[in-house]
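Pasting the structures in now, so scroll down.
Common to both upcoming complexes is subunit A, partnered first by subunit B, then by subunit C.
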Partner chain A sequence: MSSTWMTTRAWLLMLPLLVVMVAVIGWPLVDTVGLSFTDAKLVGTGGDFVGLDNYSNMLSSSNFSRTLVTTTLFAVISVAAEMVIGVLAALLLNQEFRGRAILRALMILPWALPTVVNATLWRLIYNPEYGALNAALTQLHLIDAYRSWLGEPGTALAALIVADCWKNFPLVALIALAALQAVPRDITAASLVDGAGPFNRFRFVILPYLAGPLMVALVLRTIEAFKVFDIIWVMTRGGPANTTRTLSILVYQEAFSFQRAGSGASLALIVTLLVTLLAVAYAALVRKTAGSAA
Partner chain B sequence: MERRSPAFTVFIYACALLLAAIILAPIAWLFIMSISPAADLAAKPLRWWPQAADFSRYRQLLSTAENSAGAAFTSSLRNSLEISGMATLAALALAIPAGWAVSRTPAIGWSLSMVIATYMLPPVALAVPLYMGLSHLGLLNNVFGLALVYLTILAPFTTWLMRSGFDSIPREIEAAAMIDGAGLFQTLRIITLPLAAPVMATSALFAVLLAWDEFFYALLFTSDQRAKTLTVAIADLAGGRVSDYGLIATAGVLAALPPVLIGLVMQRALISGLTSGGVKG
Partner chain C sequence: MSALEIRGIRKSYGSVETLKGIDIALQSGEFLVLLGSSGCGKSTLLNIIAGLAEATSGDVLIGGRSILGVHPKNRDIAMVFQSYALYPNLTVRRNIGFGLEMRGVATDERDRAVNEAARLLQIEALLDRKPSQLSGGQRQRVAIGRALVRNPQVFLFDEPLSNLDAKLRLEMRTELKRLHQMLQTTIVYVTHDQIEAMTLASRIAVMRDGRIEQLGTPEEIYNEPATLYVAGFVGAPSMNMLQATVTGGKLAIAESDVRISLPARYANAAREGAQMVVGIRPEALRVATGAATDLSLPVEIEVVELTGPELVTTARIGTQRLTACLPPRAQVAKGEKRSLTFDEAALRLFDPSTGKALPATGLERTTSH
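And then the complex of A and B:
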């Protein structure tokens, strides 16, 4: 069979997917780019060409810079915490103890819980009048009076991060555990004979096996955390006083609450650009990690 | 395995208990809220264990009496089932041929890479044109419209899973069948697709989980019982003026049940899918 025919056949099989992807992703993306240069409203027709006005207005607004800081804080803290707790949990699950299989099976639960259900659950836990957190802390005499964890600017973002971590650290743990189980037993045994302490053993024997898979988990989690919408919308809608407003929430408000489609589009593209830059930087890092681990 | 000191063994068990408590406590509390009488949930100090289990909220939510909380909930349950089912079938129909083509003809692999790179796009970057497009086609607040939009998420992911699935089936098996006189489609039907059945099942499960979980597009593109999904219905309950928190918890338990059962039963397949993703990127 000729290779041209093979290639043509492959393209034909690929075609339905590509057509649908162009229709639901490619065309909307191009349209968003077009909209971002206009002052179009969500309803009604057209809108006038305004050049780069949307971009310059957006980039110079204090809303944007505040929201960028909030998003970065959310992404960096929650992903870092998920990585650390996830690896610790994986190291534990890699030990032998009774009930290990059950505990490992339980790890799938937070991951399988729908994001909106997770957000709702934590919203109930944090409830200022009847929430379990207030009840538990009061009964343990750690606080004197019930607090509004999601209603106070000082605690809302931290409360969201805890809820996000709880759902996502088990995934990191499962990925890290799979990598740990690929570490050959005789290598850890040999390092013991050579007198390596637990820390050096982790740093020089085990970490090289973890680095690759963890880097990928780190990339995927960071991109997701940067795009975060669901959990924040359900728990705080960006409040109180916009202290938990992330970039995706800001785009939603701009394009759909205030119906400024053009301005919202420009912000959406700025977010896309930031995520892409992040991904490219990470990809370089992954390649480097993979190279040094091999 | 190294010998462990008794102190270290105690430490391991203490950590295991702590981890189990962290994982289980919030989930257990969701369930306890769903069966606690409203008075217990509003009590101060809070009653952690209901005096009598009360399952009436489950009956209330699953009833289809008109204009009740149950009617809104059951219609959203049906919409979620329909939308995840349709979107999953459509995604697989696109992913299976495309995954096979890329697996057997690496020269076109770059096109799949481009499709997968769309994962970086925040949904907000597509939302306005999709909203206008659906509105133009009369597909706003419509289960077909939402299922179509879900392909933006489901199709790249399932194609990528199918590709790695086909990669693990040696092409020599296909070549042998063709030498024996089978045509291409016969070979695929008799040899390749049956071998790929487990990967198809895993891909379908992931697709169902993704669609079941989706919130952003559902929030934007649906407005009433004709198309609202479970995630939107629950967010409505949580953000609304419902005074009985147990009812919100019950809706959460019911919405979580299908994906949690899938997760527990299919855990081995799901974890290998996730970790192969973790290793291969």
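And then the complex of A and C:
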């Protein structure tokens, strides 16, 4: 069988999928690009061509830079915490103890629940009048009076990060747990005989097998965290005082709350570009780490 | 005082007893091979010595001191694994020096030890590579090097050569022997390869089903197998075992009218009418030339296979089968009726009801000392 025929056949087989992808992703994308060069409103006329005005206005606005900082903070802190907690949970669940199977199954729960359910749950926990967090902290005498965790600019983002971590660490833990199964018993045994303590064992025995899969988890989670919308929308809608407004929320506000379709489209494309850059950078990283553990 | 002593070691996994009381005492510098088929508990015993598994009962002593409850790193042992077990993202140099690094040995001292081991194992050129860039044989050398630099009281090897191809296995075997002769360290070595056991061991422990079936020098194991199991397990092709009955002071081969003489050394133990298993090594058989004697086995040749150095011949005596390793130019052909013979000293008797060797008396023992 000639390789050109193989190539042709591969493309033929993918054709239906390509058609669907062009229709649902490609066309709207092109449309959005066109829209981003106009001053179109959400309703009404198509708007006039304004060149790169939308982009330059958006990039120079303080709203955009503030939101970019908020988004980066949210993504970096929550992903870092998820990675650490996820790996620790995986190491724990990799030990042999009674009830391990049940615990492993329970751990997946936060991740398996729909985000809206999760977000609602955490809103209850953070509730300023009858929330569990207020009750617990008061009983422990850590705070004097009930606080509005999601309503105060100082705590809202942190509260969101905690909720997001709780939802997403199981994914990291699951990936890490699977990777841990690949660590050869003999190497662990050898490191014991060689006198490696828990830290060195993690570094030299476990990490080489964990690095690749964790890299994948890191890529997935960072990109998702950067695009985050749903959990924030349900819990704070970007408030209070825009302290939890992320880029996706800003896109939504621009396009739908303020009905500035053209400007919203330009922002959406900026976000897309940022996420793509992230993905490309990570892909290179993954390729590098994949080579290290044989 | 023994370098390594294993006392009454038992090990159970749940209700299954994997080791059923193992006792071994090794002098310093001995090379003990644990030989046995898969699942007989060799690795389990080795792991108990290393401290990687806990015995259900019994004791392990190194230099007269009990090491039960001592952490593996403090047992003064080094271990080489079947899968090499190298640290994948460390260079060969750091792999070999890892045990010293973890013990806080100074860098220059560590380097000296690593270079010395690399020189011994002829892997100096590989020191800056990663394990993934090495062949199986090279990896195993690195694994051995990692054990060497520790300079321990006891080396433990768990089937270190079984992942290598035949030629490399032979090379590494010779190399291990050379290393042991040079270093004179006590070694416990697990294998299910009997050639490896015969060539390397100063003593072999043949294990079966969690017990030691026989403990002795390779010569003892080969020449004086204590049980039918050992007789069948050691030697390739394995020992011929003919059913026979003691009849009129002779051995009557079952389902044939062949009678051979009962060696005098067995006269006391072999009662008239008793069932016997007659053991003769294939290497001890030869084609008879002169007239029939009372050590002649009239056979019909069934299969002749030339392996190179010898002609492996399968023959039938009555309804039983015999294998003989004949010289390559022996004139035998399929279907021929011939007579095979052997020296009386090569004959072994076993009691089929107990599976044990019959006690021999007198001086005719053939162990080559």
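As a working rule, the second predicted complex is superposed on the first by the 281 of 294 C-alpha atoms of A that agree within 3 Å, B and C clash if a C-alpha of one lies under 4 Å from a C-alpha of the other, contacts with A are read in each partner's own complex, and residues count from 1 in each chain.
To be clear about the criterion, contacts are C-beta pairs under 8 Å (C-beta built on N, C-alpha and C of every residue); 3 or more make two chains touch, one makes a residue touch a chain.
What you see is a predicted model; the values in this text were computed from it and never measured.
In the model built by aligning both structures on subunit A, subunit B fits alongside subunit C without clashing. By the touch criterion stated above, A:Thr120 is placed in contact with subunit B alone, subunit C being left untouched. Contacts of A:Pro184 after superposition: subunit C is touched, whereas subunit B is not reached. After overlaying the two complexes on the shared chain, residue contacts for A:Pro208 are found with subunit C alone; subunit B is out of touch. When the shared chain is aligned, subunit B and subunit C each come close enough to touch A:Leu192. Subunit B and subunit C, viewed from the C-alpha centre of subunit A in the overlaid structures, lie at an angle of 80 degrees when rounded to the nearest 10.
Between subunit B and subunit C, more residues of subunit A are touched by B. In the superposed model, A:Val22 lies in contact with neither subunit B nor subunit C. Using the contact criterion defined above for the overlaid structures, shared-chain residue A:Ala281 touches neither subunit B nor subunit C, since it reaches no partner. Within the superposed three-chain model, A:Leu103 lies in touch with subunit B and out of touch with subunit C [touch as defined at top].
Closest CA pair between subunit B and subunit C after superposition: 5 Å apart. In the superposition on chain A, the residues of subunit A contacted by subunit B and by subunit C overlap at 189, 192. Only residues 6-7, 9-14, 16-18, 20-21, 24-25, 27-29, 31-32, 35, 42, 89, 92, 95-97, 99-100, 103, 105-117, 119-125, 127, 130, 132, 135, 138-139, 166, 170-171, 174-175, 178-179, 189, 192, 212-213, 216-217, 219, 223, 226-227, 229-230, 233-234, 237, 247-248, 251-252, 255-256, 261, 264-265, 268-269, 271-272, 275-276, 279, 286 of subunit A touch subunit B when the two sit together in their complex.
Put simply, subunit C touches subunit A in their complex at residues 47, 50-52, 71-74, 77-79, 81-90, 98-99, 102-103, 130-132, 146. Chain contact summary for the complex, subunit A toward subunit C: residues 184, 186-187, 189-197, 200, 204-205, 207-209, 292-294.
Of all residues in subunit B, only 1-2, 9, 12-13, 15-16, 19-20, 22-24, 26-27, 29-30, 33, 41-42, 44-46, 48, 93-95, 97-98, 100-102, 104-105, 107-108, 111-112, 115, 118-133, 148-149, 151-152, 155-156, 159, 209, 212-213, 215-216, 219-220, 230-231, 234-235, 237-239, 245, 248-249, 251-252, 255-256, 259-260, 262-264, 267, 270-271, 274-275, 277-279, 281 touch subunit A in the complex they form.
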